[in-house]
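The following blocks contain the structures, represented as structure tokens.
Same chain, two partners: chain A is paired with chain B first, then with chain C.
Entry: the complex of A and B
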């Protein structure tokens, strides 16, 4: 695996390389402009043909989104996480659909939950789990779930709720006693 | 005679989210021309519980009641993945016996899921007897889980540092008794379903997968193994103690639903064999290593991707930590995501409408893991 990293380094600029906590996991950070070339090289020349997952992490303190592409090679039996950082103010990137057809769904999910758009993905604006969502994308760190729920559904009046419950209980016990 | 255009001939139908032929709460928008499907669109979102968002604001240990609910029928896979990811990031070594017990629990969980799948596929075809049998037999395994963990479906038994408690006295014998019973019952299942003429006729040649798709779109599990690819996480990246067990990867070459069914049929035998091996070779010792106080437990910054062979294929957890006492991001790789979207969209054109629900159950799609 070290040879592979060396070969990669001779062609592309690797910003950061890190060994995972176990032997068969490597984490590489590359520049966002060279990601497609790196993935394409890994897929065609180094047998990393299985894209397991595309994930997004919100680093709000650095004003960045991290996109992670998790690859697996059946021949080398190695996991590789290739990650890039994109600007949080300008959440745009290009799709990897031409390399991995299943990326369509993962990108659609990230578009919906983080608001990162992927240029070239034709179905990214279709609904994945949310319907008619107009608020901030919900998986972002600054999305306030409590405020959203209070504005959307309102607070329940706990006193009214308590008296209602007491009434239901007393009605039920009365009826039970009468029997 | 009036000629109808393609748009006039096509009918759009919505299958699900409440439909006996669909595995759980997902819906399919199918386009029909006569009896023949021309396209399908999968819709999820009826079961979204925002677990991944919730997990970001809870302590590591508080997430265990959430992770087991991510895939409802196969909770142990989630617990084991999440616990293993945390152990890896925190650098915790767990005792040898705990690893063996985890493997035992995982195999039991796979076994009960296969029994449940028999019920599913036979039920969609209208073979009503098989679900009664297999769900009844699955209950014996759930009884074992209840004895071991206290819960039938959600166990919260596998925790970072090992497992919650040791096996009860005489548990091994009771497991072996259930295994003997299931093994004795398998020929009956063969006669009832797997050798059944109706079953064969309904599955052979249906949903034929092009083997080149398997690597292209990330198909894993029994679906990939039915196309002759020996992809099994237990063998290629052994976790827990799978490297100490003797078994071969099961493959078939039919590439259709019948081949997938036969892979699962042989996996049942394999699971029984593995459970016997585990009980035979399990060492004595501790099952729990002491953790720091879990209410103040901080894990150093890092990221990892761990995976398990679930009944459906590669089930993965991508966990990112930032040095605080809560995870930064937990992303679950549901096995069914590429199956229910990309693969199904390719399989459906030309399929008969009556085979559609059989195909969904045959691919064993599971909506709770697509939307967490």
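Entry: the complex of A and C
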């Protein structure tokens, strides 16, 4: 796997490289403008034909979003994670739909949960998991899920809940009979 | 056997014909509960072992059917997202009265481990009436059978009246439903 990293380093600028928890897993950070070139090179010349997942991480301290493209090679049986950082204030990136058609659904999910838009993806604004969502994208770290849940769905310590629990207890202990 | 077991302490009651028939109907209803095969969350994986040969719920008259029109019982099996709640309301309203709802798992009682989730309804009781809760995360098929025994008992005693409450307090339930379903695109009355 080290040979592959060396070959890549001779062509592209690798910002950071790190071995993962296994021998056949490496994590590379590349410049965001060269991502398409790197993915294209890996797909055509190094047999990394399978895009397993695109994931997103919200680094609110650095004001960045991290996009990770997880690749798998069936011939070499190796994993490669190519990650980039984009600006949190301007969450936009270009789609990789021309390289991997399965990216369409991953990008749609990231658009919904993190609000990162992908230029060139035709279906990204359709509802995926959340229907009629009007708030901030929920997986961003400044979204207060507990507060939202209490306001929208009712508090855990509310009267309704206490009646519910009383109902359960009375059902199973036949308390209503004694009244 | 004690002497007291041979006679009744209760005062004599005046029952009208309709009350007698209602008691008879309730007895009959409790013997054949048909469950609609609709799973909303992780608990739906506990339903197949319950109805198949190992736990064999059919010996109690509990069987599964494919359409809401034929069903008596709707099981809310686990967490309920807003997206699922829309479908649950449609299914519940299409069912014929009398109909009963069983809430399965901790999520239906108070949100369970998803109490702070942006997408899980905490108190299902606000949106549709629930007759019997089965607590646990997840309840085993034995617990679900115990819940069904509880439901049968409640039906026989005439206390499983969630569907009557839904008809009486329809405006209240609609208001709660419309509070969390933003674009109400489903028909106002589904029955």
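We adopt the following convention: the second predicted complex is superposed on the first by the 152 of 179 C-alpha atoms of A that agree within 3 Å, B and C clash if a C-alpha of one lies under 4 Å from a C-alpha of the other, contacts with A are read in each partner's own complex, and residues count from 1 in each chain.
Definition applied: a residue touches a chain if its C-beta (ideal position, glycine included) is under 8 Å from a C-beta of that chain, and two chains touch if they have at least 3 such contacts.
Keep in mind that this is a model prediction, so the values were computed, not measured.
**Student:** State whether A:138 touches chain B only (first), chain C only (second), both chains, or neither.
**Tutor:** both
**Student:** Touch test for A:68: chain B only (first), chain C only (second), both, or neither?
**Tutor:** In the superposition, A:68 touches chain B alone.
**Student:** Please tell me which partner, chain B or chain C, touches more residues of chain A.
**Tutor:** B
**Student:** Contacts for A:33 in the overlay, against chain B (first) and chain C (second): which applies, first, second, both or neither?
**Tutor:** neither
**Student:** Which holds for A:92: it touches chain B only (first), chain C only (second), both, or neither?
**Tutor:** After superposing on A, A:92 lies clear of both chain B and chain C.
**Student:** Tell me the contact category for A:149 with respect to chain B and chain C: first, second, both or neither.
**Tutor:** Second partner only, chain C.
**Student:** Which partner does A:129 contact after superposing on A: first (chain B), second (chain C), both, neither?
**Tutor:** both
**Student:** Could you list which residues of chain A make contact with chain B in one structure and with chain C in the other?
**Tutor:** Touching chain B in the first complex and chain C in the second, residues 129-131, 138, 145 of chain A appear in both lists.
**Student:** Once bound in the complex, which stretches of chain C touch chain A?
**Tutor:** Residue positions touching the partner: 82-83, 86, 109-111, 115-123, 125-126, 132-133, 135, 150, 154, 159, 179-183.
**Student:** Quick one: which bits of chain B touch chain A in the complex? Just the residue numbers, please.
**Tutor:** Where chain B meets chain A, its residues are 43-45, 48, 50, 52-53, 56, 88-89, 91, 215-218, 231, 236-237, 302-305, 307, 314, 316, 318, 320, 328-329, 331, 333, 337-338, 341-342, 371.
**Student:** Applying the document's contact rule, which stretches of chain A touch chain C when the two form their complex?
**Tutor:** Checking each residue of chain A against chain C gives 129-132, 134, 138, 143, 145-146, 148-149, 152-156, 158, 160-161, 164-165, 167-168, 171-172, 176.
**Student:** Sort out for me which residues of chain A touch chain B in the complex.
**Tutor:** Interface residues on the chain A side: 20-22, 24-25, 27, 49-53, 55-58, 66, 68, 70, 74, 77, 79, 81, 100-102, 104-106, 127-131, 138-139, 141, 145.
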